[in-house]
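Following this message is one structure expressed as structure tokens.
Here the chain labels run A, B, C, D and E in written order, and each chain numbers its own residues starting at 1.
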Amino acid sequence: MSRQGDWNLNPMSETYEPKIVAFLCKWCSSAGSDLAGVSRIQYPANATPITVACSGSVSPQYVLSAFKKGADGVLVSGCHIGDCHYMEGNYHARRKLYLVKELLEFTGVEPERFRMSWVSAAEGAKFAQVVRDFVDDLRPLGSQDKMRNEPT
Amino acid sequence: MSKKRTGVFVCHCGNNIAATVDVARVAQEMAGEESVVCAKDYVYMCSDPGQNAVIQAIKDNQLDSVVVSCCSPTLHEKTFRDNARAAGLNEFTCEIANIREQCAWVHKDRAKATEKAIKISRSAVRRVSGAKSLEPIGIGVTRRVLVIGGGIAGIQASLDLANAGLEVVLVEKQATLGGHMIQLSETFPTLDCSQCILSPKMVEVSRHPKIKLMTYSELQEVSGYVGNFKAKILKKPTYVDPEKCKICDDCSQVCPVVVPNQYDLNLTARRAIHIPYAQAIPASYTLDIKACLGLNPVVCGKCKDACEAQAINYDMQPETVVEDVGAIIVATGFDLYGQEKLGEFGQGKIEDVLDGLQFERLCSASGPTKGRILRPSDHTEPKDVVFIQCVGSRDPARHCAYCSKICCMYTAKHASLYKHHVPDGRAWVFYIDIRSGGKGYEEFVQRTMEEDEAIYLRGRVSTLYQQNGKIRVMGTDTLSGENVEIDADMVVLALAMQPSAGTAEAAKVLKIGRDKDGFLAEAHPKLKPVESVTVGVYLAGTAQGPKDIPETVSQASAAAAKAIILLSQDRLTHAPTVAQVRKSHCTGCEMCVDACPYEAIHLENGKAVVNDVLCEGCGTCSATCVRAAIEVKNATPMQMNQMIEAVLGF
Amino acid sequence: MGDNIYLPQLARVSYIKEEVAGERAIKTFRLEFAEGEGFEHECGQCAMLSIFGKGEAMISIASAPHVKTYKQFSIMRVGRVTSAFHELSVGDVVGIRGPYGNSFPVHDWRGKNLIFIGGGCGLAPIWPVIQTAVAQREHFRDITVFYGGRSPRDIMYQAELEKLRGAADVHLSVDKAEEGWNAYCGFVPANLMDKEPSPENAIAITCGPPIMIKFVIQNLRSLGFRDEQIYTTIENKMKCGLGKCGRCNVGKDYVCVKGPVYSWDVLKDLPAEY
Amino acid sequence: MELILEKGRLDDWIAALEGWQAFAPSQEDEVWGYRPTASPVRLDHPNTVQPPKNFAFPQREVFFRFEQVKGEPPRLTPVEPDAARNVVFGVRPCDGRGVVRMDTVFSDHVEDSFYLGRRKNLAYVGLACLKPASRHCFCKSVGGSPVSTEGLDVLMTDLGDCWLLASATPVGETLMQAAGALLTEPSAEQRMELARRHEEALARPQKSAVADVGNAATRLKDNFDSPLWEELGKACIACGICTYLCPTCHCFDLNDEVSGGKPLRGGRVRTWDSCQFPDFTMHSSGHNPRDSLGSRLRQRVSHKFRYFVENFGTPQCTGCGRCVSQCPVGIDIVNVVNRVCASV
Amino acid sequence: MIRIEDIRTQARDILETGEVRAVIGWRRGSRGMAAEPVLISQPEEAESLVWDPTCFHNLSLNLVQERKRLARKGMASNKPLALVAKGCDARSVTVLLQENHFRREDVYVLGVSCEGSGVLDERKLARVLDGLTPDSAAYDGDDYVFQTEEGEKRLPAREVMADRCLECRSAYPRLNNAVFGEEKTRGLEAPFAALSRFEQNRGAERWDFWKRQFERCIRCFACRSVCPLCYCEECVVDSIRLEVTPETTADEKANRIRWIERSASRSDNFGYHMTRALHLAGRCIDCAECERVCPVHIPLRLLNNKLEREAREKFGYEPGASVDLPALVSSFRDDDPNEFIR
């Protein structure tokens, strides 16, 4: 038995599907992904959204924890700078998560695994593209097992 | 917290979801969750039978929480939360899992889409398993409104509010109400007299029992929150008791000090003790302390001696009053772009180069020339008057990027008025293009061109200078492609409208945002054009952006209506999903205090305390606190943890 | 080399009763083993109960040894494991290993007067002794039970206490007076002084909050009880129950092995690290 | 059995130990620790940072796994301790004595199958300390000796150009027998050299010493309430170094680690714990019987020099000196014992 | 050159006048040459204070501990505590003040300028001395002088100086009530030199390196225990709810999140150190105590330095520079890095 959920046993196989946790702010990015839906823009099903009030509420602990629980990639997406529903939340997110990103890279974790984007409520197409690109970038890396809990 | 009894309702949305997602499987998977006691799928959850089924299931299974897997929460979160409430549940224990927009509609592979829908639904189930019942936060309201700025915007808003029965505190910086509109002569497109239409309103304000008018006053500090603001207002001393003042002008007759009269845009002079206009409201003189020789009978004291009504009181002190209000309307208006910034147009140093407002004064029957258009330099009637539009506007490189919107119209008005006053004169208008959207506006411009024979030249003026008592205007006519040189007697600049200095001050005091041009920022450019980002603070008039009087008045009435709506409630409610502090973990480091965009947190006895009413629940504080000592209700780290697990297949 | 000493047996919850509601809620559980499983225990012993995924908690066995069909536990909701217990329903299966610790020398007390003094949740550990004494009523002389809670709602085993009345003298008390309460108002140690039980040929068994125990012992001694006539139990934090994890010791003794039952003449000489 | 092994042939002996996985001290990032042997094994190490205690008592160990489907009874899968046969080289006599103490704890009262399961497959090849392996060790004053074979299966002594191997247990004999012809009978001089070197080692003074270990238990008991404890404990930062690195500390924590929620899956995990951590004895209520630094220092020292003596007749501490040399603030157990015992 | 008598005199004076409640300083330890932290409350005890290259401890930790101790006893202090602080230590006092852990008037800083001489790295010394065990260490110009069983040993300071001292950027205690020694820095190595060296490594090499480190961590928590800024009442790695007050509910105890398990597995160790580094971002002032005390030599400084340098270069933020600054993560600038965002 392994210490995580659906551990992908054969990471490099044809069927390897990177698992992405996507923290989307309610006002912009989640709305943007709704627009992608309304516009029926197709994109890969790898990213499962978790809607949060504001990108500023995404604690570094959430990101680390997602990786620890086996995420192959983590996406945090918020409103464009200046457009935050809460005025400043995304500025805080940007600073904090920049540090997370730097630290991950510093310890040798592939930098592609953590991604941030600004997607507005009007950018359905952009949201789809962000996910598509992320999945494309993650696929060659295979499953993430540096931070993931090792099998018990 | 005992274990939740959750019901999950998976919607087919006709075929919208069911075509790509195996809804039955989603329901079945959810049934396997610890807290789930019933899981169903249905073809249209949001239909009447669907909603009833949810309500019934809540009752039948004694559910205490609900997850509906359906479309985006923006569509039906309210529907299902209402249902939950109807069935006796707290609506905050109802969550939507968006498996349509974020899943069924964007994926084709049925297996993958189903897996994702399961994850989304599961994360919602785990989230509600940690959800608490919350009651909206009730806030008592003070049914009074503070209106800042006594221009037409502020006047209109105040009257609307007062007539709706609300108490109003109207604060005006100057000694009189009226703002810029009182300075205008006639107004486009109907050319009715500005003072004639405004003065009655000013009088109404001054007499209205519900309006507390505070002129010569400044807003110093605002604290509190929607429904319960506290405004600290400084009332500057006028040294004249308005109750006693008979406006006999005896005082000003004896005053030895002469200073430019800013109400006439310095085209005339006044005394230190003065009244801005004959129609000023309040109808009382004001002693300009900066100009006065010293409020000292030894030094001067003439006015005091002259006043038979004994209205003058040198001992008047500045007074600070604190007003409790429930809403605030900001109507602090505009200023004209400074001429001194216009090197090519003489930097404001050429006497006969006027700005639009000065020209208005020249046209005005109550103005310096009693309505005759004369050159300020030599009091002769100008025969060639050049009107230049877009001065300072639409020039992102050097001046303002935006269009000031009204200049086309008032320039046409000026040209027309000029022609009415000086029928043999020539009115030259330089323009880039004519923007005359508005009822009767285009016709007005056409009339000015055709009937009043104003000469419209499309092009820019590159420079102008004084020469032989005339003003040489160098321009180009882009239609003919030729350079035009005009020896004008007078030049009138249609200067850009910019937010007034008072607007910047008010924004700072109120902590409301301004846009890149310095105008007050609205909460949403389309849907919330009169709301500021701070709840309970509304915007009206040119402080929010360039506009003419009708638009100003409409917005003022709209802002008043918004305030009325707000204050028509006995209690305001605020979303209860606010931050709460875990006192035992808080060390009082103040990091959250600095991070909160709403200044909703302060320290008390070394622990953070959240003001529920100010907190908007953004969660920035909780992501900042390294001690996990602050979290937003129903979006707690515990719930986030559970959702992350759910997404990753835990 | 023995078996996996940390592996619990499984037992089914066959009965749940809410004793006390509120923030310090207490529920009583009965656990039944499958055929051929389970263990025998003695009065005062405890067992390590597990909820998988949450962990283990040491809980006193509140049923008497002669009750063979189930083992009873009264659990106060205080943390991770105990909260998980409070979420159980009848039919759920949990883990249990034991019995651990020493026991009350009930056999040696034959022919004596027994005085039980309990407070709050502290009735559970001495309940098997009371039950045993009542079941073997003929072997004992007077049986007196002092028991108190904060308020009438905090009295556990209410029905059982009533049933006891024929066989024993029951003195209930609540800390604060309340409408409808006819028995004693005040703290348990005061109730004890009020009734002044005689130390003659008596054994006093007390269990409850540490502060209560402290005063009960003081009062017993002032009533003339000798240290060896006074028994109590102590609860130190435990993880293994087997004298290995190293945290429940008082002095050289691991409470999970040498305790939890102590007579005051032994306990008073041990370091007061409990 | 006493035999000679040429210095250069150590690797060959290790290679000859068929069915055994061999470990010996080596350095990684300047940390001396027991790692799978890599040729050449030199055995010239100072005291390792960690004793070899995790061979039988690993820092993290799963006792059983559980799986629970909603509505079904839990399924438990016991875990068997790893049965690999490990032989550890270069074990210092103090750590050998530590093994004995751990054996005592894990077989007293009830037997811990995990510890003993690993232990029975473990062999320790010791190395006599001809020179103290650490500047802070003090085995002689706590009943040990630099050439003690307690807990060891074989004791190796460096005779300059060769090792003298002395078996101490049947397992040790088996290990030596596996060497076959690699081992030769020692000459008379070699035997004399051994005796000389051992004598020298025994005579060599150690930098520190527990003054009167025989009376320590009673003195500690008498001084249980001494204010010295708080004073000496004041600088302690309540880390786990002194206990985690001690060859005889055995305290542990038990937690359920969950690895999946559908169905609920996970394992019950034993992990080292330390009596110096404030949460070690803290009850749910927040009440903590040992809530001060001084009371926790007293627990650690009393356990080593009093309670263990009272229970098993010997101090638990074997004088390896690790807790002294690694303590971030220089708390020195010898100093503490001596000062408390000397106080009145 | 700092004269220890000056420090002692000052300490004695402020104790005698009752200006402070106690002085935290270093004294001769019972374990070899290393100094040990001590809290003295009697003027005559001032004589025991020392200042030498083994005064590595960041004594502001003891300030924090003393606060906790008083809080546990429900006591409040009305008199300041004094501590002897090196440049880096004074910066951690600044951070503590910034975080309202004390009021300025509660702390009396007896600043000692390292004058560029720094403190010793015992591991380097052990390597250089190879078996010799000195009994004392002292400053002498650019050298450290050791008394060993084989007599006096003189070593150039830079050979055995702690890494952080080689790269020191704050040898002078800016925050002080009294200061000893001159303001000078030697700058033996560029700031963040060790970090830059490490960053020569590529992704895979970095991971190989850190994997080895994280596998080795035994979770003794000495790194966290020694850190003056790891003062949280309860740590993310504690296995139970540690901060319990009478108001704490059973729910709160039951629902404690286990972001990181207590047991020492590589992933949990990784989680622990990443979290710790992030929690110290903008707060860690590079006293390097965590790295010094780690029994298995995990180079924790690298992690902290990395974030410190990012803060400095990208956000213009210097930890421990000012008492009035908002924290690194509670502030932002319009021109914070944005390129990494898509």
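Convention: a contact is a pair of C-beta atoms (placed from the backbone, for glycine too) under 8 Å apart; a residue touches a chain by one contact, two chains touch by 3 or more.
On a predicted model such as this, the values are computed, not experimentally measured, just so you know.
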item: Remotest chain, chain C as reference, centres from CA atoms; value: B
item: Comparison of B-D and B-E by number of C-beta pairs in contact, larger one; value: B-E
item: Whole-Å gap between the CA centroids of chain A and chain D; value: 46
item: Mean-CA-position distance for chain E and chain C (Å); value: 49
item: Centre distance in Å when chain A and chain B are each reduced to the mean of their C-alpha atoms; value: 37
item: Multi-chain contact sites of chain B, meaning residues that touch two or more partners; value: 1, 595, 624, 637, 641, 645, 649-650
item: Where chain C touches two or more other chains at once, by residue number; value: 78-79, 82-83
item: Per-residue overlap in chain A, given as positions that touch at least 2 other chains; value: 4-5, 60-61, 65, 88, 92, 96, 149
item: Residue numbers on chain B that touch chain D, as the complex places them; value: 29, 32-34, 122, 645-646, 649-650
item: List of chain E residues in touch with chain A within their complex; value: 199, 201, 203-211, 236, 259-260, 265-268, 270-271, 274-275, 277-278, 281, 302-303, 306-307, 310-311, 314-315, 328-332, 334, 336-338, 340-342
item: Touching residues on chain B, where the partner in the complex is chain E; value: 1, 130, 582-585, 587-595, 603, 606, 624, 626-628, 637-638, 641
item: Of chain D, residues touching chain B in the complex; value: 69-70, 258, 260-264
item: Interface residues, chain E side, partner chain D - complex; value: 29-32, 34-39, 57, 61-62, 65, 72, 123, 127, 133, 212-213, 216, 218-222, 224-226, 238-240, 242, 244-246, 248, 253, 261-265, 289, 292-293, 295-297
